[in-house]
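Two complexes are shown next, each including subunit A; its partner changes from subunit B in the first to subunit C in the second.
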Partner chain A sequence: MIKRKIGILVIALLICIALFMFYGLGSNLSYILPKRAIRVWTIIVVASSIGYSSIIFQTITQNKILTPSIMGYESVFILFQTILVFLYGDKTFQVLQHSGNFLLSTLAMLVFSLFIYLIIFKNHQQNIYQLLLIGLILGTLFQTLSSFLQIIIDPNEFSIIENHMFASFSNMNTGLLSLATGLLIISFAIGQYFIKYLDILALGREHAINLGVPYNKMVQVLLLIISIMVSVSTALVGPILFLGILVSNITYQYLPTHKHKYLLLACSLISCIVVFLGQFLIEHIFNFSTAVSIIINFIGGVYFIYLILKSRK
Partner chain B sequence: MLAFENISKKYGDRVILDKITAELQPGRITALVGTNGSGKSTLLSILSRLIEADNGSVSLYEQPLDTYKPNELAKKMSIMKQANHMDVKLTVKDLISFGRFPYSKGRLTKEDLKKVEEAIAIAELTEYQDSYIDELSGGQRQRAFLAMIIAQDTQTILLDEPLNNLDIKHSMLVMGTLRKLVNKFGKTVVIVLHEINFASHFADYIIAMKDQKIKYHLPTQEFIHQGKLKEIFGVNFDIIEHRNKKICSYFNNF
Partner chain C sequence: MNKFLLFSLLIAFSFISLMVGSKSIAINELFSMDEEQFLVFTASRIPRTLSLLITGAGISVAGFIMQQIAQNKFVSPTTAGTLDAAKMGILFALIFLPDVGLFGKISFALVFCFIASLIFILLIKRIQIKDIVIVPLLGIMFGNVLSAIATYFAIKYNIVQNVEGWLMGDFSGILQGQYETLYLIIPIVAISYLFAYQFTLIGMGESFSKNLGVSYNTFLYIGLLLVSLTVSASVVTVGVIPFLGLIIPNLVRMYKGDNLRKNLPFIAMYGALFLLVSDIFGRIIIAPYEIPIGLMVGVIGGLIFFYLIFRRQK
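Our next item is the complex of A and B:
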């Protein structure tokens, strides 16, 4: 039953990819096809890492309406971009190539998450919510700092930052993409080993310790995997706040199971399908007049409000 | 077996446990009793490595607790805290199967399945085994968690106020199950209890805590006396003998 449902998702995803690749091709195949293939690749990398990391994050926090973005990774990313433009103005891209920017901003986000763990775990604080709270507060601080700098910056230069503030799958760089893919494959490989522990972590800290799971160590490693995935996807296309909540909750509804090996796979697939459909709408219905993250955040936001209203009952 | 020495714990300036030492009787039920804030639950959490003590040491089979590998310890000692809210789609049987995680890491063997079946039978949950835990009543859910601990099959079982929010029937079922584990399988049970009559009827030994220390550690029959009960709980008790059992009545205070 579960396997059949996952089979349906795989078929749906293949149809989406085919639609995306071959709809309205035109005549210049040798130009269009490789361009589209790169976009397909980007979407798969980004969407599956967002789906995967959201499920892990919600399991660790035992909360189904959180996403890793609460930890403030995205505001670190925006702040980093803002500072770059603030310092170098319109010469930003002469100073720093795309791949350099990608690596540095990924690094900045990883350093940020390591910094938060050090505060928490060195003080023997074992409460995961304290971790989230610190992330949330620092995230807000960085956001405010970014806004402050953005106000000072020349409006023309601000448009460079604006490009980074909304996720876009439209122009990707192949070099970057293979780097990101490499990082993700490593994270998936490490994550694979921990999948069995996730089923137990979903029961909460006390049950996990009772069942012999080294809880603190496990949470640290998993948060590190999450931060790599979020950093990579944010640095590639920019922040997509609500995608994680949207796809993880669709997954829980679609697959009523507690087994993470199925949940993680299904969520990655659903995440890809949602982004493909969104991007397809952008390209062929809205003619690129809006960004995919705006549509996803809109739908995700509405769904989020629905979830909150539902959980209050 | 399970022993602890000089355990201290402070939260800020507030002392929760003040250098307490004891050794628990193997193959018996020991009840931890005392007023709210006397440190019973904290002691139990320290014994079960859920929180760290500031000072002192806990040992199991004469080996300090912190030298065990987490997974090995989980085969020797289990802890059940009060059932908390869980937003996971799990059937009773799935939950009980988690008890086998220390042995099989999620891939259940034939022996694991047998242990799960046994645990379901001992906790008398056969008719609910395929229900989802969020559809159960509080009492049924508590018994499902107890069955998970039974499937874990550890020599030592620690329970923190397992009777909280349970009706009389479910309280009796839980205590009866624990008694069965001790009498038939020789398990060692340590349990935090609020209602003194459950302690006096089901426990073999009582550890009574007051002012962050252990005041008494006695066989149950020697502890149940008006003077000692008043000293621990701060209210007057009448001890009524009924069918060779002592019932502690405290309703004459008003």
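Our next item is the complex of A and C:
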């Protein structure tokens, strides 16, 4: 049953990729196909990291409405990129190679996620909505801080980095693609080893410790994976606030299971399908008149309001 | 701090605000300004200081009224989608009636703010979990949805690429002849003071206020209209100033208790003072350039909001 449902997802994804690759091909195949292939690859990398990291984050925090992006992870990444440019000015790309910049920001994200974890941990008996509000305000605060620095930065220096900082699905930062793919594969490999523990972590801290899982160590490794994945996706296409919450909840609805082996796979697949469909609609139906993140934010936001209105104590 | 001291501080900082800027005017020069200084003084400094005072007082009072209506102290134009609705209204005015003047933009913003506030109030009433943070959470999400719609149209009509950073609050562009719409806010603050008791009562709930003979719906609409007017006038003229309407009423309430009519003058004065001081700092930090007030207040206000949330736990 579950395997068949995952099979359906795989087929759906393949159809989406085929549509995306071959719909409306012009005559200049040797130019278009490689270009499209890179975009397909980027979308797969980004969408699967967002789906994967959202599920892990929700398992650790034991709820279904928190996601890394809602807790402000993406804004932190952009803030650190801005700080680096602020410190080094237009020498940023000489002093630090672009990938070095990326890795440093990832490291900073890890520190941030430990901080977030401490807040969550301290609030364990507290309610989830308070955390959510804290996350949203943190996100806004970091965004404001970034704009604050961006205004202070010399306009000439700023224009140099602007393109690298504000990536989107239409303006992907493909320079980092190979590095991002490498990191993602390593994270998947580590994640694969921890999948069986995730099922236990979902039971909660006390149960997990009772069952002999080294809880703190486990959570730290998982937070590292989340930080890497969010960095990867934010660096490649910029922040997409509501994608994680949308796809994770679709996954819970679609697959009535608690086994992370299936959940993680399905969520990554669904996430890819959603983004491919969105991007396809935008390129061929809306004629690039809008950005996929806007549509996702709209649908995700409405869905989120629905979740809040629906939930009871 | 008593009223007198607060008022003196307000006067003192107003004088500083009149003097600080890329063209500085020393206090002993006030009565012997050369032509250029005089021009800067009358065309820019006086309008700027006045609009800081009016906006600070107006937005803080508006936040306070919203908190009464929503019966939640974390509600404000920032956390209820009102600011996003105003931006959306201005955007639609630009799209559909590009030649419309300042007043037309305000009317558009007003209509959008009012409708958005009504929807927000309706949404709040459907919440099943009674937790104080749910309401601002819902409001922020509501604002995100509105801003996604606005961004969609903005990109489609190629007006602004990014609605998020659009209309950042900034007083540096305030000049004589362009800020007078802000005077709308003065009667609004006066009316709010007049109706303070009624707002206190509807803050206690629908049935309670009806029992005491106050028409709940009438004052709900009056309140929302006052808030929408203030927000529209200020967003059109100076841009978005986040968190101001949230933190000032809460801070005043922390130290002054809950006597709302007594608090209103304090809320207005502290709001004006806070905005004035933030703007003066914004002018000094990277002089001769300026940091927009939206950013200054966004950072300071965000931190204070955190403090308010965490304080609740203890």
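Simple rule for what comes next: the second predicted complex is superposed on the first by the 224 of 313 C-alpha atoms of A that agree within 3 Å, B and C clash if a C-alpha of one lies under 4 Å from a C-alpha of the other, contacts with A are read in each partner's own complex, and residues count from 1 in each chain.
Here is the rule we use: a residue touches a chain if its C-beta (ideal position, glycine included) is under 8 Å from a C-beta of that chain, and two chains touch if they have at least 3 such contacts.
Just so we're clear, the structure is a prediction, and the values are computed from it rather than from any experiment.
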First, second, both or neither for A:178, with subunit B first and subunit C second: neither
Residues of subunit A touched, compared between subunit B and subunit C (which is higher): C
Contacts of A:192 with subunit B and subunit C, given as first, second, both or neither: neither
Partner chain(s) touched by A:298 [first = subunit B, second = subunit C, both, neither]: second
Intersection of subunit A interface sets (partners subunit B, subunit C): 126
Partner subunit A, residues of subunit C touching it in the complex: 74, 123, 126-129, 131, 133-134, 136-138, 140-142, 144-145, 148-149, 151-152, 155-156, 164-165, 168, 242, 286, 291-292, 295, 298-299, 302-303, 305-306, 309, 313
Interfacial residue positions of subunit A with respect to subunit C in the complex: 126-127, 129-130, 132-134, 136-137, 140-141, 143-145, 147-148, 151-152, 241-242, 289-291, 294-295, 297-298, 301-302, 304-305, 308-313
Subunit A to subunit B touching residues, read off their complex: 62-64, 124, 126, 196, 199-200, 202-207, 209-214, 252, 256-258
Residues of subunit B touching subunit A in the complex: 48-52, 69-75, 78-81, 84, 86-90, 94, 98-99, 101-102, 105-106, 149, 152
